[in-house]
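Pasting the structures in now, so scroll down.
First chain A sits with chain B, and in the next complex the same chain sits with chain C.
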Partner chain A sequence: MELWYTEEHTPDVRFSIRVERQLCSVQSPFQRIDIFESKEFGRFLTLDGLMMLTEKDEFIYHEMIVHVPMAANPDIRRVLVVGGGDGGTVRELTRYPGIERIDMAEIDGEVVRACREFLPQTASRLDDPRVNLLIEDGLKYVRSRENEYDLILVDSTDPFGPGEGLFTREFYGSCYNALREEGILVNQHESPYYPDYTRSMKRAHRRINECFPVCRVYQAHIPTYPSGHWLFGFASKGIDPLEAQLYRWERLGIETRYYNPELHRGAFALPNYVISELKDDA
Partner chain B sequence: MELWYTEEHTPDVRFSIRVERQLCSVQSPFQRIDIFESKEFGRFLTLDGLMMLTEKDEFIYHEMIVHVPMAANPDIRRVLVVGGGDGGTVRELTRYPGIERIDMAEIDGEVVRACREFLPQTASRLDDPRVNLLIEDGLKYVRSRENEYDLILVDSTDPFGPGEGLFTREFYGSCYNALREEGILVNQHESPYYPDYTRSMKRAHRRINECFPVCRVYQAHIPTYPSGHWLFGFASKGIDPLEAQLYRWERLGIETRYYNPELHRGAFALPNYVISELKDDA
Partner chain C sequence: MTMGKSANRQENMPLAEALERYRADRVVSFDVPGHKQGRGNPRLTEFLGKRCLSVDVNSMKPLDNLTHPISVIREAEELAADAFGSKYAFFMVNGTTSAVQAMILYACRRGDKIILPRNVHTSAINALILCGAVPVYVDPGVDRSLGIALGMTPEAVERAIRENPDARAVLVNNPTYYGICPDTVSIAKLARANGLLVLADEAHGTHFSFGEGLPVPAMRAGADMAAVSMHKTGGSLTQSSILLAGERVDPGYLRQIINLTGTTSASYLLMSSLDIARRNLAVEGKETFSKVLALAEYARGEINRLGGYRAFGPDIAGSPGVFGFDRTRLPVFTREIGLAGIEVYDMLRDDYGIQVEFGDLGNILAILSVGDSELMAERLVSALQEIRRLKRRDPSGMFDHEYIPPQVVLPPQEAFYAKRRSLPLADSAGRVCGESVMSYPPGIPVVAPGERITGEIVEYIRYARDRGCRITGTVDPAAESIQVLEE
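For the complex of A and B:
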C-alpha cells in the first residue's frame, strides 16, 4: 500500500509526500486540521489541506519570523502573536529572558489542542508562565489594544479562509495603534513565485506600506512551502532592521540552526524580480 | 486527458508538473533527453528524467552561475564552460563585451542539438563568434590545459551518470592547473536539504577545498530544483568574492532579473545548518 499527501501549489503543479500514517483529522468550526507522520519530514500539519509545518524544517520559518525582529530590537518586552496555534513562534520567543509577556490570539482552539497532542516539538513552550493564550479572533483582539506591544507577529495561514482578515488594511492599522513607539510588525508575507501567491504578497505589501513608515521584506528558503522561496514583511514605526546592532543579539548566546547575523543582512537582499513585484502597484 | 511529469526528489517526495505535450525525446549515447511544454513553466528540459531547466526560472540559475564570478573579477577574458549544453550559461557570458573567448566542452552533442531546436531562449547565443563549441568530455579536455583560463564554470548534471567525473578530485586539480593566477572556478554545488544531495554537496566541497586556497559557497532560490535551495561553489587562487568592487560590475549596465550587488553579498550568507554540513567531514 502507498499513501501520499499531495498539495497543489497551482492547478498545474503538485508536491507529494509519502505518508506513513495519519495521526489526526479534525473539522473545527474554522478549518480542517490534519497531522501526518512521514519518513522524510517527520510529522507534518496541514490546515484545509495546505502545508503549515513539518518537523524537519519548521525551525526555518519559526527562527526567521522571531529572531529577525528580536535582533532588530533586543529590548522588546511585550509581544503579541496573532495565529501561531502550533506554538513554534512562541517556542522561539520564550528563549529570550528579556521578554516579559507573550499574548497569543489564536482563533482556533482545535489547532492548539491537536498540536499539543501530536506536535510537542513546536507546542512545547505554550505552558511558559509568560504566555497568555487567548482563543479568539486576532483581528478583533488587536482592535481594542493601544500602545501596548513592542512586537506583533502575524503567524497566519494564507489570505483565504480564517486568515483572510489578517491581510486587510483595517488589521494593519489596528496593529499600528496597538504598537508602542518602537514597535515592530512582522508577518508571513507569502511568496514571489507562483501567480496567486504573488498577488497576495503584493496586496499585503501595499497595505502595510500605507500604514507604516518603515516597510521591508526579507526571505528564507523553506523547502516544504510552495516554491520554497518564502517572504516575511518587516514594518515598524522607525526601527530599521538593517541598522540593527547585531552584536547585542550575539551576546544573548541563543543557538540557532538557520538564523545568524550575517544571514540577517543577507535575507533582506532580494532578487531583482521580487523587488519589481513589490514596487508594482497592480 | 491529463499528462504529468513527475520527479522524485527522494523516494518519498515527488514534484509534478502538468504537461501540455512532449516536444522531444532522444536517447543519446550518454543519457535520455526530454523537452516538454507546460502552462506553468513554459518549456522544460530533463536529462535522465531530472529537471535541468524551465523557461520560467532558468534565469536564476544562469545569472547566478555567471554574474557572481564576473562581478568578483570584471577583467575576465577567457572562459571555459564545462557542460552547459542548453546554452544558458553561454548566453549570460556573451553579455560581457570584455570576454574575448568562451570555450564550451559539452560531452553530449544531442543536448545541444535538442536545445537549439526547442529551447531558443537558452541556446540563442551559442552562435556568438567568441564561442568555441567543443563536443567532448570536459574532464579529458581540461586535463590538457594549463594556465589558460580566467574562469571555469562547471555547469553539470548531478554527480551520477555523465556528470560523475566532474565531481572528482582529479577534475578539480586539472581545473586548478588550467586556470591563470587570478583564476576562478564556479560549479553547481547541489543542495543542502535532502540527504542524497547533501552528501554530494559535502563531498564536492571537501575536494574543492583540498585544491583551492579560497573556497566559498553561495545560494539561490531555484523553485524547480529539489528543495528549491540550490548552492554554487566559488573557488579561486586568491580572489575573494566578498571583497569584490561591485561598483565596477554596476558600471557595465547589465540588466538582470535575479542578480544584483546587494544580493551578491547576501547569497554568501548561509544558514547555520548549511555551514555545519559544509564543515562536516563525514
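For the complex of A and C:
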C-alpha cells in the first residue's frame, strides 16, 4: 500500500510526501488539522491540507522568524506571538533569558492540543513560565493592546482562511499601536514565486509599508513550502536590522542550525525580480 | 437541490424544479434568447457558468409566464404568499422599485391623495410622477443627536387623515434604511378604519417574517400591500423582489397594474432565485437570522466600546416615531470623530478593503447576513478603530442633519412635466424644483419635483458632494445644474 500526502502548490504543480501513517485528523471550528508521519521529513502538520511544518525543516522557519529581530534588538523583553500554535516560534524565543514575557494569541486551541500531543519537538516549550497562552483571534487581541510589546511575531497561515485578518491594514495598524517606541513586527510574508503567493506578498508588503516607517524583507530557504523560497517582513518604528550590532547577539551564545550573523545580513539581499515585485504597487 | 414533493410544502421549489426538468429534457430551442443555453456566446458562458446560462430561457408552456401565471410560477407565488403569511404574492423582476410603484399605481389615480413620510425612497416619488397622485407629507421627526429622519407617529397620521378625508392610501417605511420602524400596527388600524389602503415599503424588512425578535412585518401589522426586497436580506439575486397583497386587494387588477410597466420577458434566473430564497427563508430563516442577530449585536457592542463611534440600536426606540428597531442592522454614527459617514465609507473601501452598504453625512450602515462570520465582523471593528486613531478630527462645523422638511408647491407630476430650465445649483435657491436630487444610496430625494429649493438644500447638496457622496437624479450628469420651473 502506498499513502501519499499531496499539496497543490498551484493548479498545475504538486508536492507529495510518502506517508507512513496518519497520527491525527481533527476538524476544528476553523480548519482541518492533520498530523502525519513520514520517512523523509519525520512528522508533519498540515492545516486545511496546506503544509505548516515538518520536523526536518521547521528549524529554518522558526530560527529565521525569531533570531533576526532578536539580533536586531537583543534588549527585547515583551513579545507577542500571533498564531504559532505549533509552539516552534515560542520554543526559539524561550532560549533568550532576557525575555520576560511571551503572550501568544492563537485562534485555534485544537492546533495547540494536537501539537502538544504529537509534535513535542515544537510544542515542548509552551509550558515555559514566561508563556501566556491565549486562545483568541489575533486581530481582536492586538486591537485591545497599546504600547505594550517590543516585538510582535506573526506566525500565521496563508491569507486564505482563518489567517486572512492577519494580512490586513487594520491588523498592521493595530500592531503599530500595540508596540512600544522601539517595537518590531515580523511576519511570515509568503513567497515571491508562484503568482497567487506573490499577490499575497505584495499586498502584505504594501499594507505594512503604509503603517511602519521601516519596512524590509528577508528570505529563507524552506524546502517544504511552495517553491521553497520564503519571505519574512521586518517592520519597525525605527530599528534597522541592517544596522544591528550583531556581536551582541553572538555574545548570547545561542546555538543555531540555520541562522548566523553573516546570514542575517545576507538574508536581506533579495533577487532582482523580488525587489521589482515588491516595488510594483499593483 | 431537493426534488420532488416534500412533506413540508415550503421545502418545494416548483419553479426551480421545472427549470431542472427543462434542462434535463435537452430541448432543442428555436426560440429566444439567441444565446441558446450559452452556446452562442461562449465568452459569457465562461464568465457566468454553463448551468446558469442553460436556464436563462424564455417563458413557455412548461415554465409558465409571469404576466399571466397559471402553473409553476403561480405555485411558486402561492408558496411565497404562504411563507410571508399574506393572501397573494407577486414575483417582481424589476426590483423593489417596481413593487413600490405597483402599490401606488394600484391605490391612486391622478389627483388622488396619498399620505406618506417625506423620507421615502425615490421609487415612491417616481410613482407619484407616473400616476399623478398628490402627496400629503407627514413629518417623520428627526433624532436630534443623529440627525436622521425617523418614522411617522400614529398621531401625525391621524391628523393627516382628518385634514385630508379624501386621501386614498397611506404608505409607511417598515423599516427605514437605518432599520427604524414606526408603529405600523396602529397606523394600519387607523388607516383601515378610515377606509384608506395601507402600503408598506418593506424593502429592508424581508427577514422580519422569518426571524425572531425582529419588528412586526407589515402584512402581519395590517398592511394591504408590502414591497419586500428579497434580494436585500432574503438571499435572492439582485433586482428580484416580491409584492405581497392582502384580502382587500383585487389580484387581477393588481396584475394588470404590474404589467403596465413590467417586462414580458421576465428572467427565469431572477424568478428561480426568488423560489429558492423563499424556500430557504421558510425552512431555515429562524436559525439564519438568530445567527445574524447575534453577530450584529456582537459587532454593535464592540464598536460602541471603541469610543467615538455610536453604533446605535434598540436604544433609539422610545423617541416618537421610533416604535421598533431591526437589530440585525448595524448603523454607525461617525460624526463625533469629525468624519462624515461617507468619508468613513470611502476609507473602509479604499484603505481597508471593506465595503459597507452606504455612508451619508453622519453615519455608515453595515449590513450583516448569514454569509458573515465573527472574524469578518472583527475586521470591520478593527478598521473603525484604526480610522479613529489615525483620522479623527474636530467635529465642529459639520452638517448635522440628513433630513430637510420639504416646502411643497406643486404635485410631483405637474412639476416634472412643467416647462423647466436648467440653472446652476448655486443660483437655484428660491425656485421650484423640476426633478429629484439625491445621494445614492440611500436614494431619498433631498429635493423632489414640485418642492421649493432653499439655501439649506443647496448647501446640503454642495456639502454632500464635497465629502464624496454621489449625487444622482438630475438631468445634468455632473449634478452641477438643476432643473427648475419657469416662473
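As a working rule, the second predicted complex is superposed on the first by the 282 of 282 C-alpha atoms of A that agree within 3 Å, B and C clash if a C-alpha of one lies under 4 Å from a C-alpha of the other, contacts with A are read in each partner's own complex, and residues count from 1 in each chain.
In the analysis below, a contact is a pair of C-beta atoms (placed from the backbone, for glycine too) under 8 Å apart; a residue touches a chain by one contact, two chains touch by 3 or more.
Just so it is clear, the model here is predicted, and its values are computed rather than measured.
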- Task: Applying the touch criterion given at the start, work out whether A:Arg101 contacts chain B, chain C, both or neither, answering first, second, both or neither.
- Result: neither
- Message: Just to be sure I read the superposition right, which of the two partners does A:Lys39 touch: chain B = first, chain C = second, or both, or neither?
- Response: first
- Classify the contacts of A:Pro223 with the two partner chains as first (chain B alone), second (chain C alone), both, or neither. first
- Query: Touching A:Ala269, do we find chain B (first), chain C (second), both, or neither?
  - Reply: first
- Task: Have a look at where A:Ser174 lands relative to chain B and chain C in the superposition and call it first, second, both or neither.
- Result: second
- Message: According to the stated criteria, A:Glu164 is in contact with first (chain B), second (chain C), both, or neither; which is it?
- Response: second
- Task: Examine A:Arg113 and indicate which partner it touches, taking first as chain B and second as chain C; both and neither are also allowed.
- Result: neither
- Residues of chain A touched: more by chain B or chain C? B
- Task: Mind listing the chain B positions that touch chain A in their complex?
- Result: 4, 10-18, 38-40, 57, 60, 193-194, 219, 221, 223, 227-229, 256-260, 262-263, 265-273, 275
- Message: With touch defined as at the start, can you tell me which chain A residues reach chain C in the complex?
- Response: 137, 139-140, 143, 162, 164-165, 168-171, 173-174, 177, 210
- Complex contacts: residues of chain C adjacent to chain A: 351-353, 374-375, 378-379, 381-383, 385-386, 389-390
